[in-house]
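Listed after this line are the structures, all set down as structure tokens.
Each of the next two complexes has subunit A plus one other chain: subunit B in the first, subunit C in the second.
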Partner chain A sequence: MPTDGFMYPNEIELQWSVLIVLYPFLTGLVAGAFILASLERVFRVEAVKPTYRLALLTALAFLLVAPLPLQLHLGHPERSFEMYLTPHRSSAMAMFGFVYLWYLMAVLVLEIWLDYRRDIVVLSQTTTGIKRLLYRVLTLGSSNISENALAIDNRVGWVITVIGIPSAFLLHGYVGFIFGSIKANPWWSTPLMPVVFLFSAMVSGIAAVLLLYMLLNRLRKQPSDIRCVDTVAKYLFYMFIIDFSLEMVDLIHRIYESDESFRSLDFMVHTRLFLSQVVIQILLGTVLPIVLLALTQVARLSEIARKRIYVFAGCLTLIGIFAMRWNVVIGGQLFSKSFLGYTTYKMGFATKEGLLPAIVLTVLPLFILWVLVKVLPPWSEKETAPVSAAVAAN
Partner chain B sequence: MNMTRRHFLVLLPAAALAWENILAGAPETATNYHTSEHWWGMLVDIEKCIGCGSCVRACQKENNVPDGYYRTWIERYRIKEVNGVETLEVDSPDGGMNGFPSSNEPGVKEFFVPKMCNHCADSPCTQVCPVGATFVTPDGVVLVDEKYCLGCRYCIQACPYGCRFLHPQKNVAQKCTLCYHRITQGLTTACCENCPTGARQLADLKNPKDPIHEFLRTHSVQVLKPHLATGAKLFYNGLDGAVR
Partner chain C sequence: MKLKDAAHLFRLAGVFAAGILIFILVRSYLVPKSFGQYGHFRGDALTEIKAQPISYAGHQACEACHSDVLDLKSKGKHAQVNCEACHGPLAKHADDPGGVTPEKLDTAKLCVRCHEANSAKPKKFPQVASMEHSGGLACNECHTPHSPAIVTEGGKK
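Now for the complex of A and B:
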């Protein structure tokens, strides 16, 4: 493996692969999508309502896949359950299982169920065969959809969203803490890491839901609600500004402080990480989408032009955030902790931790989302109205 | 069985001794080893190290360390001054296992630094282990329970000294055990035993008779990366400021 300078002999092999890059990327999409959903629910941003259910389903689809790259990466995946049985309390990683389960079961699944309960009950009465059985199981035995019951659902759902916001912060802030708390690694060790992870998560999650919303509408041959798309893009722009500012604060701090690791890290950014950090993450993945989104805020552009810009900026954003995760995880392992040398990451293809499983794990949530959308359609009230009418007739 | 009072009194002290061994646990029965009576570390005298690689070879053999990975290794530092500017070259071919090619370049400051797990008292590696598979023993040795390790490699990332690796066949984290199987039997470590110049000395910081105390009192001794406050117990005599 090509190395430059001096590495400690055990450092030549990289420990965390592209799968560990994928893990914060996926959980970031979850946290971001959920926070977008909470905008409508808690902060009463009515304009983003058309994305509410889609955002929740997107969060669920990505959350279900999030632990898989970790599981695949473990040397002994069969022992992973030990994290639940005998967690080590001083370990940030040990909390993964609990934070994950809390978020999945206590927040996301519950909120989705409460929000869809009326639809599930209606569908359990209007469908036949296997579908009917599925929806009957999903009702969990409760078919009361009286106004009173729905009002309670709504109230409880609101409370869960309020609990869900700090939970989403916890989920992704904790992922940042996994890296930020490693004092051995100056590339990772900064108290800003959880905050930067959090805001970049919101950026990626909002961009993903924006793209999925527009894509699904295109597939359904329905027009996207331009007011909704504009509002989501506006929030994406605001979040991006905060995220970029935080990253710049971190960068300026590092440059100004210039501690013993600085020369080594600076050299790495100018050589091995130049393409993925400077070109892809900062220029293409951050500055360009911010400029494009700013353009839609200040210039009077036609609807079609705005939509095209949103799609382009959204794609660039996702690439940029993925590059950010890459630069954190892989970049943090390319230099020696002796600060005297550098190694290279060579990604396999059809290996256990290669590119192929990474691609499969990236596509899998989209497939799960497709199934979820089929089972629990996120479309607005007026489109499900005929179903309600059918029930009323019954 | 008929037992007289006399017989009983004769057997009592013997039974007491045996009971003490039973209480002490399996590895301690042979030597009456008590974990609470020891606090292990190591002294490395850089001025004595000749970079012969005996320690690395002994360690590989004693602990069956897989090829390409190292529980201990030796680094060679070469500091040159050209036109008033210092340049630093460090190498460790095969972990220094086969020694180093000789160099007689004049005007070069050259020395060897043996490295291994620092058996930190506040070890960052044990802190991060999600299941507590790696831990500090009561006698101050950082170990890994191979039957419990998940192979997540978080500890490898958290070690500031690059002492850990993932065993390529067992898929668990591995590192220097300070030859725990030897020191609990009253022996020294394989690396210390095979060092021809006595550059490595196993040190029991809880034993008042251990020469480490006299050495620490009379020499300027340093640990690696002291700013990280890991409580490292690998003490270096004659450590140059260039060493990381």
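Now for the complex of A and C:
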């Protein structure tokens, strides 16, 4: 049954589709991955160092794709560029365009460039053909990798990361803000929304980098650094606890407050959202991974067992966070503002905003990441052996 | 720390400066001249819209020549429904009734636009599930469009 009860005409069909679910999911991965990278850089958590560059590249790959779901949602995507030309200060989305640009150009690209500069210079001297040309362009014509120059890079990089942390918070807090500030919708309208989005972003980003790190090492037939994996998992666990507490605070607050929307929302959670919210998001996607991660913290498990648990918990986490985005975006459109009616979301498949483009947009960042990893290898051993040789020669 | 060792950073700053400069140039070229004249929109848009031909004549325009229809309509439930809500924009016809003849309407499509049953509509609005109600027959087989009520045995409905 598509609708039941009383719906206003403009509520029967959902305006925000699965792509708008994907969009906060992707930006969340960006913000989370960057925060993980900054752990090493600013907070000097040495153990997570092996994931540092990978986390930056992951953030870049996902950031490049993050606006695409929005573009597909627009009737006139070519006009979206106008928000840079004639931005309206009262539009949250227009301001978000600038936050996005700032984060992409002034934070991520800069930080990656500074961190990779030495490698780029060395590669521009050791490769040939078109690759050489690419690296030559990337050096901006300066091959100065003297100790002094690198020390300057390091310091500037540190400053950028320090600026980057609030920027990453802003980037994802904004996504939560866009929902949290819609005062007509009681499912969204709470000042906690940006905060909840932020912490769930960190959870998903850390889980994604953890999985990617282990996966890439497996593909390269290299052992994963267990100390690093353990530490990342530990941070994942902490973040998860905070995230879960926040969501519970929100829930308890709603239950206690029981405002006029409560009965309607409560009914929805017990019927149309039961599977995606209670079963997938809360039980499978939050409680189970937290229990599993807690287990690795208290019990003495073998290395293999720990790694398996991390992979399992990481996958569950990503599914759970995706379900959370789903329940926010889709859930917020399933009930009527009259609080007397409910509708359903019919997802298309090969339509402009259907499942197929959603799948393509989920895989695309992984493909971009693969290209980035080829161009800018994040690991320093074998593949980039000439680097250490060249530096030694310096 | 010597300036020479930061030369690459200056180059980078140069790239950024060039990017910003290009943006400013592109912007000054792309943003229409009249933007912001009255508010956050293109000022010329007003004159352009004003210059568009009028396509709806309005209820009063029809009344003068079609008083018979008006009399009929004002007695029925469609009294408040505008002529052009059903007949479409007819400003050209009102100006030149002999030259422009309104198109014939297909009531099987026209009436369901407003009357197809839908749970989002207020309960008191008259609505029918057209397939059950008329089984594909045109609505004006039974209803008079301008005064649609059908008198049944129980009296005037």
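Here is the rule we go by: the second predicted complex is superposed on the first by the 381 of 394 C-alpha atoms of A that agree within 3 Å, B and C clash if a C-alpha of one lies under 4 Å from a C-alpha of the other, contacts with A are read in each partner's own complex, and residues count from 1 in each chain.
One rule holds for everything that comes next: a contact is a pair of C-beta atoms (placed from the backbone, for glycine too) under 8 Å apart; a residue touches a chain by one contact, two chains touch by 3 or more.
None of these values were measured; they are calculated from a predicted model.
> Subunit B versus subunit C on the shared subunit A, clash or fit?
clash
> Looking at the overlay, what does A:P9 touch: subunit B (first), subunit C (second), both, or neither?
Touch status of A:P9: both partners.
> A:H88 in the overlay: touching subunit B, subunit C, both, or neither? Say first, second, both or neither.
both
> So, does A:H73 touch the first partner subunit B, the second partner subunit C, both, or neither?
Only subunit B; A:H73 stays clear of subunit C.
> Based on the superposed arrangement, let me know which partner A:S302 touches: subunit B (first), subunit C (second), both, or neither?
neither
> Considering only touches as defined above, state whether A:T128 meets subunit B (first), subunit C (second), both or neither.
The answer is neither, since A:T128 touches no partner chain.
> Can A:A184 be said to touch subunit B (first), subunit C (second), both, or neither?
In the superposed model, A:A184 contacts subunit B only, not subunit C.
> May I ask you to name which of subunit B and subunit C touches more residues of subunit A?
Tallying touched residues of subunit A, the top partner is B.
> Find the residues of subunit A that appear in the contact set with subunit B and again in the contact set with subunit C.
After superposing on chain A, subunit A residues 5-9, 11, 86, 88 contact both subunit B and subunit C.
> Of all residues in subunit B, which touch subunit A in the complex?
Residues 69-70, 73, 75, 88-92, 95, 115, 124, 127-132, 148-154, 156-166, 170-172, 228, 244 of subunit B touch subunit A in their complex.
> Quick one: in the complex, what on subunit C touches subunit A?
Answer in residue numbers: 1-2, 4-9, 11-12, 15-16, 23, 27, 30-31, 35-36, 40, 118-121.
> Would you mind writing out the residues of subunit A in touch with subunit B in their complex?
So the residues of subunit A in touch with subunit B come to 5-11, 13, 15-16, 70, 73-77, 79-80, 82-83, 86-88, 90-94, 96, 178, 181-185, 332-333, 336-340.
> Within the complex, which stretch of subunit A touches subunit C?
Touch list, subunit A to subunit C: 3-9, 11-12, 84-86, 88, 105, 110, 113, 117, 139-142, 144, 146, 148-149, 151-152, 156, 341.
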